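What follows is a short report on a single structure.
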Amino acid sequence: MKTDTKLYSLKDAVREVKSGSHITLGGFAHSLAPLAFVREMIRQDISDLEVTAMGEAWAVDMLSGAKALKKVRMSNFMFEGWGRCRNFSRAVEEGEIEVEDYSHFGITNRMFAGSMGIPFIPVKTMSGSDIYHERSFEKNNKFVDYTCPFTEEKVLLVPKVEPDVAIIHASRADVNGNVQLYGISSTLEVAAKSAKKVIVTVEEIVEEEIIRKQPELTILPSFLVDAVIHLPYGAHPAGMYKYYDYDSDHINLYIESTRTNEKFKEYMEEYIKGTENEIEYLEKIGLKQLLSLKADPYYGYSLHNRGEVLQ
Amino acid sequence: MKQSVNNVITADEMMVFAASQLFKDGDVALVGTGLPMIAAYAAKQTHAPNAVLVFESGIMDAKASHMASGVGDFPLVHGAVKTSSLFDSLSLLQKGTINLGFLGAAEIDAYGNINSTVIGDYQTPKVRLPGSGGANDIASMAERTVILVKHQKRKFVEKLNYLTTPGYIDGAGSREKYGLPGQGPEKVITDLGVFYFDAATKRMSIESLHPQVSLEKVIEETGFEFQHIPEEIPVTEMPKPELLQTIRDLDPDKIYINK
Amino acid sequence: MKTDTKLYSLKDAVREVKSGSHITLGGFAHSLAPLAFVREMIRQDISDLEVTAMGEAWAVDMLSGAKALKKVRMSNFMFEGWGRCRNFSRAVEEGEIEVEDYSHFGITNRMFAGSMGIPFIPVKTMSGSDIYHERSFEKNNKFVDYTCPFTEEKVLLVPKVEPDVAIIHASRADVNGNVQLYGISSTLEVAAKSAKKVIVTVEEIVEEEIIRKQPELTILPSFLVDAVIHLPYGAHPAGMYKYYDYDSDHINLYIESTRTNEKFKEYMEEYIKGTENEIEYLEKIGLKQLLSLKADPYYGYSLHNRGEVLQ
Amino acid sequence: MKQSVNNVITADEMMVFAASQLFKDGDVALVGTGLPMIAAYAAKQTHAPNAVLVFESGIMDAKASHMASGVGDFPLVHGAVKTSSLFDSLSLLQKGTINLGFLGAAEIDAYGNINSTVIGDYQTPKVRLPGSGGANDIASMAERTVILVKHQKRKFVEKLNYLTTPGYIDGAGSREKYGLPGQGPEKVITDLGVFYFDAATKRMSIESLHPQVSLEKVIEETGFEFQHIPEEIPVTEMPKPELLQTIRDLDPDKIYINK
């Protein structure tokens, strides 16, 4: 339910994501993943989704395990240090998800063209590989060969992609939807700018005045954002630079649960469907664990298990 | 931080050393974590102090404060010269500013092509692998690329299940035909030896084998025929003790090497 | 003369810009202009230049007045609040400079394509205007019409441009060439990334450690920069956000001098050719004047003549 | 900051008021300094509090701390929500995110086309003007555009010296032929009146004249024929006194209005 501001409750915001819609999500390796939002999507049984993603392993693997995905346009899903995304891989192997493969730069350029309002952009990657030769649901909309009329260089033209909704998790925002981020942005900016609707979950809500004092941290001005949801630890078990580290213990537990559909169902029942909301989820993780993940203010991550300082 | 020096060099250390030797001073390299990252830092601490490390996540000129567990991990973000985007990093690769890239492989063929997408048919795969990521981009666009891979028969195959990442594709002239700007893979470094690609056929050939590695072992672990095997096979150059110690010091907790 | 670092003297760096080369320069309205560098180019009689510029009025007008330009690829040159660039306009009217017109977005996309390593990029601007119909020295290399193979939208393809040298003025850098900027970047980043060689003049030289503490301010990492020159007040009479305001008094004097070739010659003799170096130039401007331009630390500009606070 | 209220409204104030009325709440506008900026702030302080101002230099959602003298001036940089680039700003225009733009004119014709490039021949101009800047981009791509210009015969011409910035080009269907995404100019606001474009011919027509302005005066200052002149010409709506005061307060030092 829209208020005077762009501030939504998690439940209300998730209701805006319809089953069958085309989404894109944030996340890079074990950070920036909008997992509180994804868990609520699973609680609300959003399904039949089409996803455009670069390497957003966490969101995609959870949604695969919940049988919420139908089509995926992608580049790479892997839990760095832990291996393949088994929920996703199994769903593909069992024919539940149709996949169209790109390279990181290929899929990101499709989003970039969408973000720019141009129907296509030339790239010098992917040609000659099976990414080029094998076409799944995109067919001729994947790319076309083109020879530059100025230089006669060979390029591929990749068409823009414009998902219905982008869901990203960032550091902080004001209630108008001005969003800031510490650290690398991966594909958050192009993903958001390419989408028709942008939902942002954040660790902190701050005054507009604070945003205007550090404009160099702003990744999205308010006019690109439709909804903001305040969700501390919203990336857990992934981490957020300057806030908290990724949770190896819970990642181990999660990865272990993805070995079979049955085990993942148990995980879902306990941690997702079995919790009413994100506070209940975090209580299940436990205060002690969450505190141990807290970022050291200087380094921006937890020093637990980080080994020796290199410099 | 120092460990007692053990002069028996491990296969991981050989790979890191061989990879570090391929850095030229001033190279701008797109690296992954793991062995290439250690190799890059070893090069920076020795003969290539001006080499710059870029990670695809948008990390420019990283100076890791702790060992990183991934290419977007926070110890690489902390202390970076610029925190940017994946689109920015890979655009620098397309432009040619990033000139050196490192690749791993689930499967590799004689032309240095790599599969990291599926085992079995693409549409109905037996095993779905992670997919290209930045690998196809590096292989397509980086001026120079180096492949680091464990030498096993199931990885060194005659025919890939899926060509994710182009080496020389079908041989000489293929890359030009598809308009790929990079030069193709320069070397393959494995735990058994160092390999190059024959100038005429673009098929993999033996350059050197690591100490104590026999030709028989290499042939046994390779599912295709090498284009060229030297009559007298050189032994891969070994690092001097100080450099070996440098490499070991770079991963004091044995996260990536000698784990 | 190259040292161990990328730090150059102004005289040595300017020697690297050869007469006849193709350059691009920074500058937006009355800020960010690399004018200390331009003055030294004039002292060294660099000439026959080809320029690609978006709206870098200051650098282009000075170089026009010095008869240093041959060809200009441009979008708009104007001294905001003061009117046309008379040196430039007169040189065009007298047939000394050949001009090819673009829109801001058109010329910036040409640089963007250069910065991306793609031979062209589609745009949805400029079509149907005389920018499209009238072609000067670019002829068929200006753009081509194209119909998108995916959507059948009509677009123009604009070819990349890759100047020999980009000359920009920024806030601060370290001796390795990591460059930071406060405030808007206008086209500095695409201009630098599109060029084969990048020369940066800065207000301050700082330790590498300082750069690494605020990576969000970095506009160019060292590997994109060839030379750094320390030039406080290097944009004068334009300003630098957080350092000093533009100098209305000197702008008045400059603009007045541009009314005829003869008057501008007098200006040049006095302020540029008549000064041995930038310290002599700044001494001519005067310490008192420079101090009056100093930026207020909170606002980032001088409060002299700024009138009432609006909020 | 308050001035004594003078109820005689000036031509500048009429233009600012008429322009401010065209803002809808939530519009994202690419504005220049001068009258459009004052109009934008007047709209934000009244009926369009959620309108956002973007300046082409990369300034997103500016909140000026002092009156700005240009679209990159520091009082707009200070307090902006995001300090970005010209490429970013104009990409948002191409994308359609920025939906409203304001234009000025050195010459304007009956189709709302504008010249700001040359007087005389392009290759050998009599007077070289500043050039397009972002004007062609706004006119080509912004969904809605509004032209603010002083009404003088030398500016309102039958034939432009050079078509820098497209209005409706040659009339109905022209914009579509060239693939321009924007809708074309919605209104022309001058110191004499407000003008619109006829739906069928796309030629300029009189919507209303400002108080005390005669039709004869307008015709005299216009070098082309209007497509449509209402039988009884409406008088342009005037601001309520409070709003007039708001407009005056926005430029207390009379930098842009009533100078």
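Letters A, B, C and D mark the chains in the order given here, with residues in each chain numbered from 1 onward.
Throughout what follows, a residue touches a chain if its C-beta (ideal position, glycine included) is under 8 Å from a C-beta of that chain, and two chains touch if they have at least 3 such contacts.
Bear in mind that the values here come from a model prediction, so they are computed numbers and not experimental data.
The chains in contact with subunit C and with subunit D alike are A. Averaged C-alpha coordinates put the centre of subunit A at 41 Å from the centre of subunit D. Centre-to-centre separation of subunit B and subunit D, using mean CA positions: 57 Å.
Rounded to a whole number, the gap between the C-alpha centres of subunit A and subunit B is 28 angstrom.
Counting partners per residue, subunit B has 63, 79, 83, 91, 94, 141, 181 as the residues that reach two or more other chains. Chain contacts: subunit C has residues 117-118, 123-124, 153, 155, 182, 216 touching two or more partner chains.
The list of touching chain pairs reads A-B, A-C, A-D, B-C, C-D.
Interface residues of subunit D facing subunit A in the complex, by the touch rule stated above, are 28, 52, 60-61, 63, 79-83, 91, 94-97, 141, 181. Subunit C contributes residues 115-118, 178, 193, 208, 211-212, 215-216, 218, 221-224 to its touches with subunit B in the complex. For subunit D in complex with subunit C, the touching residues are 1, 33, 56-59, 63-67, 69-75, 77-80, 83-87, 90-91, 93-94, 117, 122-137, 140-141, 162-166, 169, 174-175, 177-181, 250, 252-253, 255.
Within the complex formed with subunit A, the subunit C residues making contact are 117-124, 141, 144, 148-151, 153, 155, 157, 159, 182, 216-217. Of all the residues in subunit A, the ones that touch subunit B in their complex are 28-32, 54-55, 74-78, 80-81, 84-85, 88-90, 92-93, 95, 99, 101-106, 108-109, 112, 123-134, 136, 153-155, 182-190, 239, 241, 245, 295, 299-301, 303, 306-311.
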